[in-house]
Amino acid sequence: MKSRFKRILAATFSMIMVLGSLSGCGSSGGAETTGSGESSTAQGELTISVLSAITGPIAFVGKPAAWAAEYAAGIINEAGGINGKTIKIDMHDTKFDTAEAVSAMSQVVDDALVVVGPMDAPGGEAAGQVAFDASVTNIAAFSFPDIRAQYSPFAIAYMTDSEEGDLLAAKHWVELNPDIKSIVVFANPTDPSQMATAEMLESGLPEVGVTVKKIIEVETGVLDAGPAAVQAINADVDGYYIGIRADEAAKVVSELRTRGVDEGNRICATFAAFSPNYSDVVSEDALNGTYIWNKLDPNYDGEEWNKLVEAYKADNEGASPTVNPVPDYYNALMAIKQCFEELNITGDPAKLETEKAAIAEWFYNSPVIEGIQGEFQWVEGKKVAPVYFFQFEGKQPVAVK
Amino acid sequence: MESFIAQVINGLATGSIYALIVLGMNLLVLVRDIVHQGYAHIIMITMAAGWITLNTSGGNIAMAIAVMVVVGVLVTMATEPLFRPLCKRGAQLETIVLAMSVGIILTEFMSQFVNSGGNFAFPASMRGGGITLTFGLIRLSLANIIALISAVVVALVLLWFMHKTQQGRAIRAMAQNLRVAKMLGIPFGMTGMIGFGIAGFLAAIIAILIIMTIGTCGPSLGDTFAVKSVILMLFAGMGNLKGGLLSALFMGLIEAMALAYLPGSWTQAIFYGVIMLVIIWKPNGLFGTAK
Amino acid sequence: MSTALSYFIIFCCVFIILTWAAYVPFRAGLLYNGTVYCMAIGGYFAALASKTWHWPFWVCIIGAIVVGAILGFIPALGFSRTSGIVTAVSSMALIFIIQSVIRNIDILGAGRGISGIPKIENLVLYSLILVLIVAVFIFRLDHSRLGRAFEAVQTDPDMAATLGVNVKIISVLGLTISSALGAVAGAIYAFNMRIIYPETFGFSLLLSVMTMLFVGGRYTQWGMFISVPLLWGINKWIPSSLAIYAQIIYGVILIVILMARPEGLVTRKMVAGVGRVFVRK
Amino acid sequence: MEQMSRILKIEELSVYYGQICAIKRINMEVFEGEIVTLIGSNGAGKSTLINTIIGLQKATKGKITFMNEDITKVSTDKVIKRGISVVPEGRGMLASMTVLENLQLGAYHKKNVIEQNLEKVYERFPILYDRRLQKAGTLSGGEQQMLAISRAIMGDPKLILLDEPSLALSPAYVDKIFKILVELKKEGMTILLSEQNAKKALQYSDRGYVLDLGETVLDGKSSDLAGNPAVRSAYLGAD
């Protein structure tokens, strides 16, 4: 008798605890977003939700991206807002964690017309599902065509596809250096996008007469890139394509250079290496003469970009914006402005569904947009934009035409 | 053959760093019977302190080293009071979790406040002037040689300290039987602090050696070293100074070989799988004896 | 129900069950870091079963329990030879092993993970039901002969052995139950995320679970109901101006609790007190 | 004998473990150059009393004075530093450290006397010299007890506390140990020991206190106590 009573007690107790504590917290989250959504129309304000990895291991990319979104909102508001409404950024932290990304997306998705971010591929793909379920356009890291197809038309890539850029850059590189006939590619076996790049180079380069002799695997966080460099040199090739992220790329290039790769032009690095984690870390001698490609040009000469650089420097103790998401997040916000103005979006909750559908349609195949670094366009959710090819002169990347 | 020798030297260079980290962690096992994963993160913070000093003092290496020693010692000692209440109530398992959270805090501190979370490199002047002696594929950088020699010297000095000085003996006595050690008049708080202080000094030395051999630092550095060092320590036997040294050097070698000659995607599984089997086979560690 | 609320509840259910998976071995005095390994197994099994073989939800859950228990049983046999800190640290290696293995198996999506896991209607209700079932199960376990044997082993393994408790069997049993619970959490997680990656089941997840266990209170099964919403929703509780300190605050909370409240927020005494209030009625 | 100065004085000392009383209002004195025995069965509070003197156990009430200074609340290491040393129950070997290291740690607070005291110890126990580089755990029980006593006198203490020195030793060794204690006394050391083996202890000591359930039930000269019928029946067994 007593034990049964205890059992029932336990059951009710746990139920009460679960429901009580959960609904308490959950509703506060829910209320927050609904509140902001409603008040936005009331005060003539539009809320745009932005997700970025403000804390955690990629905060050094996430914080500049978040800054770019806030900056863009400031620029838009200075110019009178969108359709006469000021915009407000509702920033959420994804912590470079898929579950946090999904959670952040779930908090904004009910009232959102469009969501920018997450910025990392796993976070983007996971949170993209939530946005897709809610029919909300999501401008985020959808770097794989199959994922874009799965979430179409709501998955809009915030930057250009990397593999194509890699192939383009590699072709450009061997064209400039005709003596390069065989190369090795460094890639991270745990990063699907880098492995895809390596395969793309393997299949795409033979048509210009270059063979990929070996794919050398470099894991994230590798302490000593020596073994990888020795393997590469042993392969006896003319060129080294560094397809890995900045942290590891810096180590590999340093090792290659000290182990006898004397000519910088035999090395070409991917956009993922284009960061202070690469260019600040590799010594000037080692960097000199090597190639790299990127989705942004830090020295781009344009009024809008120069203004952004000045503002960034003022806010960040003189540092320049060098990470890709800065112009991409800025462009995303500007594209939203253009879209909302062309479609005359009101943000009225009553018209939410129709407006969401219209926005998705607009972005999925967008008009050509004048971005902060030249024109770009979305074609079936894929971003088509110029990429930039550089050769280092000392520590300075100089654009190659 | 040439490349094989190059890989061996690579392996020894990283192995010697692991060896010193394991040595530092083992020292903390002896004084407080804790597994201090956060120790690796303290080394990272020490490196960051050195880098900041270099930047603000205009490249004054002596000053940077002085600051690193101070920061290493102070930060390590500052973690001692955190562990003390747990040690007093004999909550050894909880100390693992506490050390992990020290790691979280230091990593996030780096992500937010040091170089905006980006990686940073140390100037060539602090890395032995970048002088390298190259024989084909064998690269013997001056820094690597200095690092290897210093690692050996530091390890020997520490072993000497632990066995031949009264303080060292006191630390070992505390590790062996805290109650008896107390009855002999060995002060619990003070000796612990001295142990942490020495570990902190060692952390500064390790930081300098990492600067010389790897030359870069970033928020992920602590995590990179932490788990592997702890597992290595267990592999050799907790608190076993000599065993830790040997197995860390050996592991450095194995890892370099694995990276060079095994398919990359399986290395991790093989590495940890073998270690786990050895630990299960010999729960007191390869060199351990039952307490 | 708003999307935010439903996701919040499901995530909390996942973490509550996962924290219980860490709680059960702790009852037998083991700090088992393999819970994340079991979660990966459960998650991947559920993803595969529902997406490729089109199994219904409950069958997936039962399947995950079985597979999780079996694959948890194997390392548990090994860990029955070790104890304390050795089990704690060496079980961390399981996380790295399972991640590496998943990345090499194409049917599990390798590095790309498995996406497009079918949507489950009523997942909120189902996960609450699962939490309830597991809660009752653990309550029964804690108050059974077996539970007392667990407690004896936790208090003093040598004494427990003299009382006729087979410490090895208890440890294997504890870890196997833990594995099954971890697998349940993994399965709900997979259905909630609809996409899973090997990276998810990594070290940071382990830290979250341990924090939730130690902050909530690891001597009773009820602490998780407080610590999980508190810590999972940490970004909601702290003002947005402190958002960049969220992870630091997380770490500090854990340290303070470990130092100042050895039993965590919810202690055995509190539970006994609450229990007495109800029983007197 | 009576002019000798008082080394240790315990007044109204009580120790509680939570609700349980381990020591109840004990009064006790030890004078310089004496051997004093604490007699009592298991759980009478002998070990608790010794632990309380050196500060390993907190005193709930009362006062402990050593050399006219209050040491009730002084931490263990400082008490030892003032000149008390302990031979713990079960000898307290640092088993995986060498004999030499054990001895060196005996003089933790007096590093300058290590060399000369080592010589004295080796002179007294040549076997310890032969085994100085051996691990302490490899010694026999009797040798370990010798080492424990030697370790205790390494730091030139004023008072030595021995907790059950005859425990688990062969009768031959027990005599040997007590003879050593008498020798030490002759050299001017003061000794307080706890014993279950009351017969031997009373034979060699000057005075004794009989503890039962944490209270002093009897005290007096050892010869008187040995003759006391109550003590004879309770602690000396049937002759």
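Residue numbering begins at 1 within each chain, and the chains themselves are lettered A, B, C and D in the order written.
The working rule: a residue touches a chain if its C-beta (ideal position, glycine included) is under 8 Å from a C-beta of that chain, and two chains touch if they have at least 3 such contacts.
Bear in mind that the values here come from a model prediction, so they are computed numbers and not experimental data.
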Mutual neighbours - chains that touch chain B and chain C alike: A
Selected pair, greater C-beta contact count between B-D and A-C: A-C
Chain with minimal offset from the mean of all protein Cα atoms: B
Chain centre separation in whole Å, for chain D relative to chain C (CA means): 52
Computed distance of Cα centres, chain C from chain A, in Å: 32
Computed distance of Cα centres, chain D from chain B, in Å: 43
Centre distance in Å when chain A and chain D are each reduced to the mean of their C-alpha atoms: 73
For chain A, residues that touch 2 or more chains besides their own: 55-56, 59, 63, 189-190
Residues of chain C engaged with two or more neighbouring chains: 103, 244, 247
Residues of chain B whose C-beta touches two or more other chains: 108, 112, 223, 265, 267-268
Complete list of chain pairs which touch one another: A-B, A-C, B-C, B-D
Residues of chain C that touch chain A when the two form their complex: 2-9, 11-13, 16, 103, 110-113, 115-116, 119, 128, 131-132, 135-136, 139-140, 143, 189, 192-195, 197-200, 204, 222, 225-226, 229, 232-233, 235-237, 240, 243-244, 246-247, 274-275, 278-279
Complex contact set, residues of chain B against chain D: 163, 166, 169-170, 172-173, 176-177, 179-188, 190, 289
Residues on chain A engaged by chain B in the complex (per definition of touch): 55-60, 63-64, 189-190, 217-219, 221-224, 226-228, 230-231, 233-234, 246-247, 250-251, 254, 258-260, 275-277, 280-283, 316, 319
Footprint of chain B on chain C - complex, ascending: 31, 75, 78-79, 81-86, 88-90, 92-94, 96-97, 99-101, 103-104, 203, 207, 210-211, 214, 244-245, 247-248, 250-252, 254-255, 258-260, 262
For the chain B and chain C complex, residues of the former touching the latter: 35, 82, 85-86, 89, 91-94, 96-98, 100-102, 104-105, 108-109, 112, 223, 227, 230-231, 234, 238, 265-269, 271-273, 275-277, 279-281, 283-284
